[in-house]
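Next up: some structures, all given as structure tokens.
You will see chain A twice below: alongside chain B first, and alongside chain C after that.
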Partner chain A sequence: MVKVFVNGVEVEVDATSTILKAAEKAGVAIPTFCYHPRMDPAGSCRICAVELEDSKRVVMSCVTPVAEGMRILTESAKVADARKTNLELLLLHHPLDCPVCDCGGECPLQNMSFAYGASDSRFESHRNDEVEDLKSDVLVFNSNRCILCGKCVRICDEVQDVHAIGFINRGFDTVIGPPLGKKLDCEFCGDCLEVCPTGAITDKFVRYQYRPWQLEKTKTTCTYCASGCQMNVETEKEAIIRVTSSEGEGPNEGSICAIGRFGFSHVQSTERLDKPYARSFSRLVPTEWDSVIPEIAERIRKIAGTGPDRIATLVSPRITLEDAYLIQGFTRRVLRSNFIDSGARYGFMNAAFPIARATGTLRPMVDHQDLLKAKVILVIGADPTAESNITGLFLKRAIRKEKARMYYVGSESVSITARAKEHIRVLPGGEGLFAWVLSEEIAGEESSRHPEFLAKKEDLFKSFNVDPQAYTKLVQDLRESPTGVIITGRVFHRIQSASDAMESLLRMTNALGWVEKEGCGILPLPEVGNDLGVLMMGATHEWLPGLLDSQDPENKKKWEATWGEPLSYGKGGGLKEILEGIKSGAIKGLISFGENPLTHFSPNSEVREILSKLDLLVSVDLFQTSLSDQAHFLLPAASSYERSGHVVSVEGFVQALNPAMTYWGESLTDGEIVSRLAECMGVPFATRSTGEVSKEIFTLMPDLSPSTRNGDHFMGPTGNLILPTIVNQPPHKADRKTVMKRMASRAENWKSAITPIQPEIISGEGDFVFALNKSLFHSGKMTLLDPSLMKMESSAFVRINRQTAKKLKIKKNENVLIENSYGSCILPVELTSGVTENELQVPYHFDSPDLMGLFPGEINYSGTCSTVTMLRTRVTLKKIE
Partner chain B sequence: MGIKKFLNTIMFGEIMSGLKLTFRHMFKKAVTLQYPHEKLTLPDGYRGFIVHRRYENEQERCVGCDLCEAICPAKAISVVGDIHPEFPERRYAKEYTLDFTRCIFCGFCVVACPVNALAMTKEYAHSSFTREGLIYSKEQLLSLGDKCEQDSIGYLKFKNMWEAENSGKEEGRYHFPPIPSVKSGG
Partner chain C sequence: MSQTKHIEVDQDFIENLCDEFGNREGTVVQILQRIQEKYGYVPADALDMIGEYLEIPKSKMYGVLTFYSQFYREPRGKYVLKICVGTACHVRGAGLLVDKVKEELKIEPGENTEDMLFTLEPVSCLGSCALAPMAMVTDTAYGKLSPDKMLGLIKDLESEHLSASEPA
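Let's look at the complex of A and B:
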């Protein structure tokens, strides 16, 4: 620690810190253009000049380290002179087109020119008058306005690790843009747009449509994935214009992915439902809430009156904690049914169930900060960048800056595999077996290993093409490294044996001693924004709120006491049991809150016929979906930009949603709809505001009180501090001590070897494995209606290995016929070296062609939690002549 | 009561002294005008109706920058900017509405305009039976501007805003990158 004086104020700072950091600590703001707290200093803009009192020298504060007894002046005449001259030089090229520049009004360069009065230059102006680069659909590069601070290039390199833009040419001709004058082709995260201190990079979607001072900012949480990004939704006259982030704020620290930053237009499209619809004579006709609610209530009363467990509810994992709590309460108390399930059943449940069984909590053991401390990171069947973008960013940072060793296990290459120490390729279907073999290798003693262990290991190397050397390296590294994290994702959660595989991984972490060690553990990536929260609130048949077993009379009693009424729901079940119940006629009604089961099943399956047997099908959604063709009632729901509430992030933060606009048309939140229904049915299920429901949740489950990271982060160039919004927040991670206790009892089952996991049998026939993956630019099916995201990725395509394509003489963008006995589809080709030779990868989001048509009609419910996982099928591939 | 006062009373002296002023004015030049048959000559700085101006090549000047909306103390102006349908690098006002029922004719918008697209004119006799009739669209403002081009030039000259644009000096001026088909960049 050294002592320095900033404008006479004594501060003590770390010996390695810079003058800028010291000034920040002293509460003195120094203007900067090129400085960015998350990146290495560049010292290129020369505006952060400060004077050293002793040596009378002007130095750049962002790159100069402090020294003992240093006396720093930040506002002396010499400093002002230096800054003014510097501005004059910057403005030599910079056009004075602020009135038409989208940055005008929030431009640090404009503010600085205003503060130092440097609009009159002593030098002769030299305007480049270059034409703007309008090639990209997302960003506009205006090289005239660029001051070459390099922030955009550095954030793309250091934070996003994408390297999409760079400096082109040298000297006066330097411009910034994508290489070789090509069209920008990147992850479109828009971080460069966010950090640009001038209007050199602007947003093309809302180009010239707004002025910053007209926009109203609302801080809210993104619900597309579970990263829990804090973002500012900026609206003008009730319309969302753009989404920005505040530097350093929230778990995302100011980064947002393409979906979060650009994917908001669909919520204000004309396709949105603005009125409730009721079916009359086989057509959906618009009606009023006042008539539709009593009608539904009457039909529910008729069905539910015949006994418990007659009506089922499905819940989208995008809804808030409050809505999930109300819906499960409505299902269990009013409908007297335990047939409740959420979108987590399509995969994430496979991770959540074994973890909750072993640890007693769904709070993660590790967070993103632990990723940075981990020495070894094992990623199995996940694409963190696409599934939980911020986890991906921290993973990249851990590898790049903290030198973590990352092992990637999976068949395909994703954006992070290039950074892996070892990419252990497992042919499709072998992931479960891999987890079992790895766990048995590490957890089992040589003498007490499962008798089939060696055979299975051999099978893994032979049939699934796993490199034995890389495998041995991984085993050794896991054993020896002091800290480690395992990240599992969508593909891993969706394999048929996923729950057993997760159990194997838990057994392995226990054997490695990671349970006791702070900063070690498993981080499963949820697929959708509030997967964790919806499960914590008991929107699943297994659990009551608080992850209490719903069939345990003790737990039932606890909630009976809280709610003040007896609970008489039956055994209930998940999606599998719901569909079986409808088929057998035991379930007569289904209320779906934003969930459309039809999109997750093959059209060959009889799900559509099963649903047509219902006496009551209510679909609550933002848009018309394939489910609404069958629904008796179609109710408009408010989007996540319109509602308030809380969502749980992948790290366990409980963060607030704030409404940026009023409800679209006559739409209501899911919670309000069930409250109205209950009220109409005369059940004491008092209609309450979301705030009151949150309060109830937080009093009943105090560990779920709001929490966030970087609520009080230094905000950057202008130096304004925002006050911490949450005080005394509960820990977001799982409590190690209770987890250790629970794990100890679960570990009894793991003493002897557990039964081996059979390799996945992939349905269909043919040489190729057709796999559905998640796109970087889409989230579910909802974003297909978003014009901005559709510009980034507009239609389905199939990714094929380059060598395979060469063999079959298929070129880029040519159409191929993909076929098996269940169906066929035609898709254009994109070549990649990222997939294995016999694998075809297709983003699952697009409706046409119908990709689910390639899957068998009979549904294999997998694992202990009967998940429905349509991930892979075998197909043949033909070139269309 | 004196004889003088008596005479004054019977001869209507007070009325005569009043009429004296009247008669004197009968031989002077009239100050009032026979409006609407005759009209006043207004000074160049007269703040009448606000209009939109064009470049010599008929291109509208307005770049839709919203600065007039920002400065308007009466909140009479609303601008919706967008990309120009013909030139993708150019900003223009897709919609521009000036509510003359709210306008207080302060002239701030003209000062704020970076491209001299706005000017005040000597037009004052625009009345309407409806409120909507006094809410002017961009097209109305442009056609009014075409009608009163000389007035608007006079106003800008009077306000010393003509010089800045036509002096040929680069410093302290807004500099827009050249736009195809518009010779004078602003």
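Let's look at the complex of A and C:
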């Protein structure tokens, strides 16, 4: 530690810190343009000049380290002169078109010019007059306004690791843009737009449509994926204009992905349901809440009156804790049913269930800070960038800045694979086997090793093309590394043996001693925003709120006491059992809150037919969906931009949603709908405000109290650093000591080697494995209605291995016929060296062509939890002549 | 000025080049130089291919490519007439040489002839001021030039090209 004086104020700072950081600690604002807290300093803009009192020298505070006893002046005459001169030079070529610039009003360059009165120049000015680069559908590059601070280029390199833009030309001619004069082709995270201190990069979707000071900012949480990004939804007259982020704030620290930043337009489209609809003579006709609620209530009463478990509910994992809590309460207390399932279960439950069993909690063992502390990171069957974008960013940072060694296990390459120390390819179907073999290798002692171990390991190398050397390297590194994190994702959670494979990983983690230390543990990536929260609230047949076994009489008693009424629901089940129940006639009613079971199954299946047997089918949604065709009632739901409540992030933060606009049309939240129904049915859980429900949840489950990431840096309007205040809040992660104890007792089960996992047999026929994956630009099906995101990715395509394409003489963008006995589809080709030779990858979101048609009619369920998973099928591939 | 079609880049050539240099810091300039040596310029497709093999971001390579004036992004003539217009050559009439070429070949500085035989490229200094005014074509320097000698040089190069393209 060294002592320095900033404008006479004494502060003690780390010997390695810069003058800028010392000033931050002293609470002194130094303006910056090129400095960014999350990137290496560049020292290029020369605006953070400060004077050293002793030597009378002017130095750049962002790149100058402090020294003992240093006296720093940040506002001396010399400094003011240096900054003013600098501004004069920066403005020499600037077009000064502030009146028409989107950045005007929130522009650090403008703010600084105002502050230093750099209105006249001693130099002959020459305004740049280059034409704007309008090629991209998303961003506009205006080189005239650019001050070449390079923040956009650096955030794209250092934070996003995308390298989409760079410096072009030299000297005065330098501009920023995508290479080769082509259209911008990137992940469209918009971070460059966010960090640009001028109007050089602007948002093409809303260009010239707003003045920043007229927008009303609402801080809220993004619910697309589980990263829990804090964002500012900016509105004007109830319409969302744009989404921005604040540097340093929330788990995302100021970054947001394409979906979060640009994917909001669909919620204000005319397609939104604005009224409730009821079916009358085979047509859905608009009606009023006052008539529709009693009507539904009456039909529920009729069905539920015949006994428990007659009506099922499906819950979207995008809704809040509060709504999930109310819906499960409604299901169990009013409908007297334990048939409740959620998108949060499909796939993700295969990870959540074994983890909850082993650790006693769904609070994650690791957060993103642990990633930065881990020496080894093993990513299995996951694409963190697409599934949980911020986890992806921290993973990249861990590799780049903390020198973590990342091993990627999976058949395909994703954007982060290039950064892996070793990409261990496992042919599709072998992932579960891999997890078992790896776990047995590490956790099994020679004496107790499963007799099948060697044969299985051989199988892994022979049948699934795993490179023995890479495998050995991984095993050695895992064994030797003091800390490590395992990240699992969508593919891993959806393989047939997913829950057993997760159990294997838990066993391995425990054997490695990766439980008690920081920077250690397993991080399963949820698929959607509030997967964790919805499960914690018991919107699943396995658990009552608080992860309590729903069939345990003790647990039932506990909630009976809380709710003040007896619970008489039955055994219940998930979607699998719900469909069976409807088929057999045991279940007569289904209420779907933002879920559409049809999208999870092949059209060859009998799901549509099964649903037609229902006496009551209610669909609560933002839009008409394929489920609406069969629904008796279609009720309009408020979107997450209109709701309040809380959601749980991948790191376990319980963060707030705040409404940026009022409810669309006559829409209501899911919680309000069930409250109204309950009220109408005379059940004493009366209509209450979301705030009251939150209070009930946080009182009953105190460990779930709101929390967010305490930032370690914030930025002011002139790019100055502001020291964040640390807020005391409950822990967001699982308590390591408790987890350790639980795991130790679980380890008894793991001592005698666990049953081997069989390789997965993928259905269908043909040489190719057809795999559905998550796109970077879409989240579920809803974003297909978003005009902005559709500009980034508008239709389905198939990714094919370059060598395979060469063999079959298929070129980029040509159409291919993909076929098996279940169905066929035609898709344009994208070439990549990323997928293995016999694999075809298609983003799953698009409805046309019907990708699900390639799957068998029998429904695939995976894991011991029987979750619905449609992941892969076998097909043939033909070039269309 | 003619806009000729871009050359089809030989994938094997790029692959060999990438194997030779590998993805190390500071290899980009050398790789680009070698490509230019072969094609006379750096075709955009080559950047795509290198980017894929070496995982060097295209934005980085393009930055290097546009930073150095030694690299060209458009095809150039078989004979690049580098006429020195540095101080020494300038005072000894380099301007007249440039004018002569412009007049004879109907091209402006930086342009190619339609048959892609010549490119006119005035350069700053070739370091042989004693030979002023001078020019350089491929690797040969021609000193103490005059407009007439320049014309002769062009004719010589034309016939050299003709005889080279005639069947043996």
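One rule holds for everything that comes next: the second predicted complex is superposed on the first by the 866 of 881 C-alpha atoms of A that agree within 3 Å, B and C clash if a C-alpha of one lies under 4 Å from a C-alpha of the other, contacts with A are read in each partner's own complex, and residues count from 1 in each chain.
Operating definition for what follows: contacts are C-beta pairs under 8 Å (C-beta built on N, C-alpha and C of every residue); 3 or more make two chains touch, one makes a residue touch a chain.
The structure presented is a predicted model; accordingly, all values stated were derived computationally and were not measured.
A.B. asks: So if we stack both complexes on chain A, do chain B and chain C clash, or do they fit?
C.D. replies: fit
A.B. asks: With the two complexes superposed on chain A, say which partner A:Arg170 touches: chain B (first), chain C (second), both, or neither.
C.D. replies: second
A.B. asks: After superposing on the shared chain, does chain C or chain B touch more chain A residues?
C.D. replies: Larger number of chain A residues touched: B.
A.B. asks: Applying the document's definition of touch, where does A:Gly764 land relative to chain B and chain C: first, second, both, or neither?
C.D. replies: Neither partner.
A.B. asks: Tell me which partner A:Tyr208 touches in the superposition: chain B (first), chain C (second), both or neither.
C.D. replies: In the superposed model, A:Tyr208 contacts chain B only, not chain C.
A.B. asks: Looking at A:Gly711, would you say it contacts chain B, chain C, both, or neither? Reply first, second, both or neither.
C.D. replies: A:Gly711 contacts neither chain B nor chain C.
A.B. asks: Would you sort A:Pro99 into first (chain B), second (chain C), both or neither based on which partner it touches?
C.D. replies: Only chain B is touched by A:Pro99; chain C is not.
A.B. asks: Once the structures are superposed on A, label A:Leu134 by its partner contacts, choosing first (chain B), second (chain C), both or neither.
C.D. replies: After superposing on A, A:Leu134 lies in contact with chain B but is clear of chain C.
A.B. asks: Go through the superposed model and pick first if A:Gly381 touches only chain B, second if only chain C, both, or neither.
C.D. replies: In the superposed model, A:Gly381 contacts neither chain B nor chain C.
A.B. asks: Which value, in Å, gives the least CA distance between chain B and chain C in the superposed three-chain arrangement?
C.D. replies: It comes out at 24 Å between the closest C-alpha atoms.
A.B. asks: Quick check on the output: what are the common chain A residues between the chain B footprint and the chain C footprint?
C.D. replies: The overlap between the chain B and chain C interfaces on chain A is empty, containing no residue.
A.B. asks: Give the list of chain B residues in touch with chain A in this complex.
C.D. replies: 63-67, 70, 80-83, 88-92, 114-115, 170-178
A.B. asks: Which stretch or stretches of chain A touch chain C in the complex?
C.D. replies: Chain A reaches chain C through residues 153, 156-157, 163-170, 178-180, 418, 833.
A.B. asks: Inside the complex, what are the residues of chain C that reach chain A?
C.D. replies: 44, 47, 52, 55, 57-63, 66-68
A.B. asks: Contact residues on chain A for chain B in the complex?
C.D. replies: Those in contact with chain B are residues 95-100, 104, 119-121, 125, 127, 129-132, 134, 144, 207-211, 213-214.
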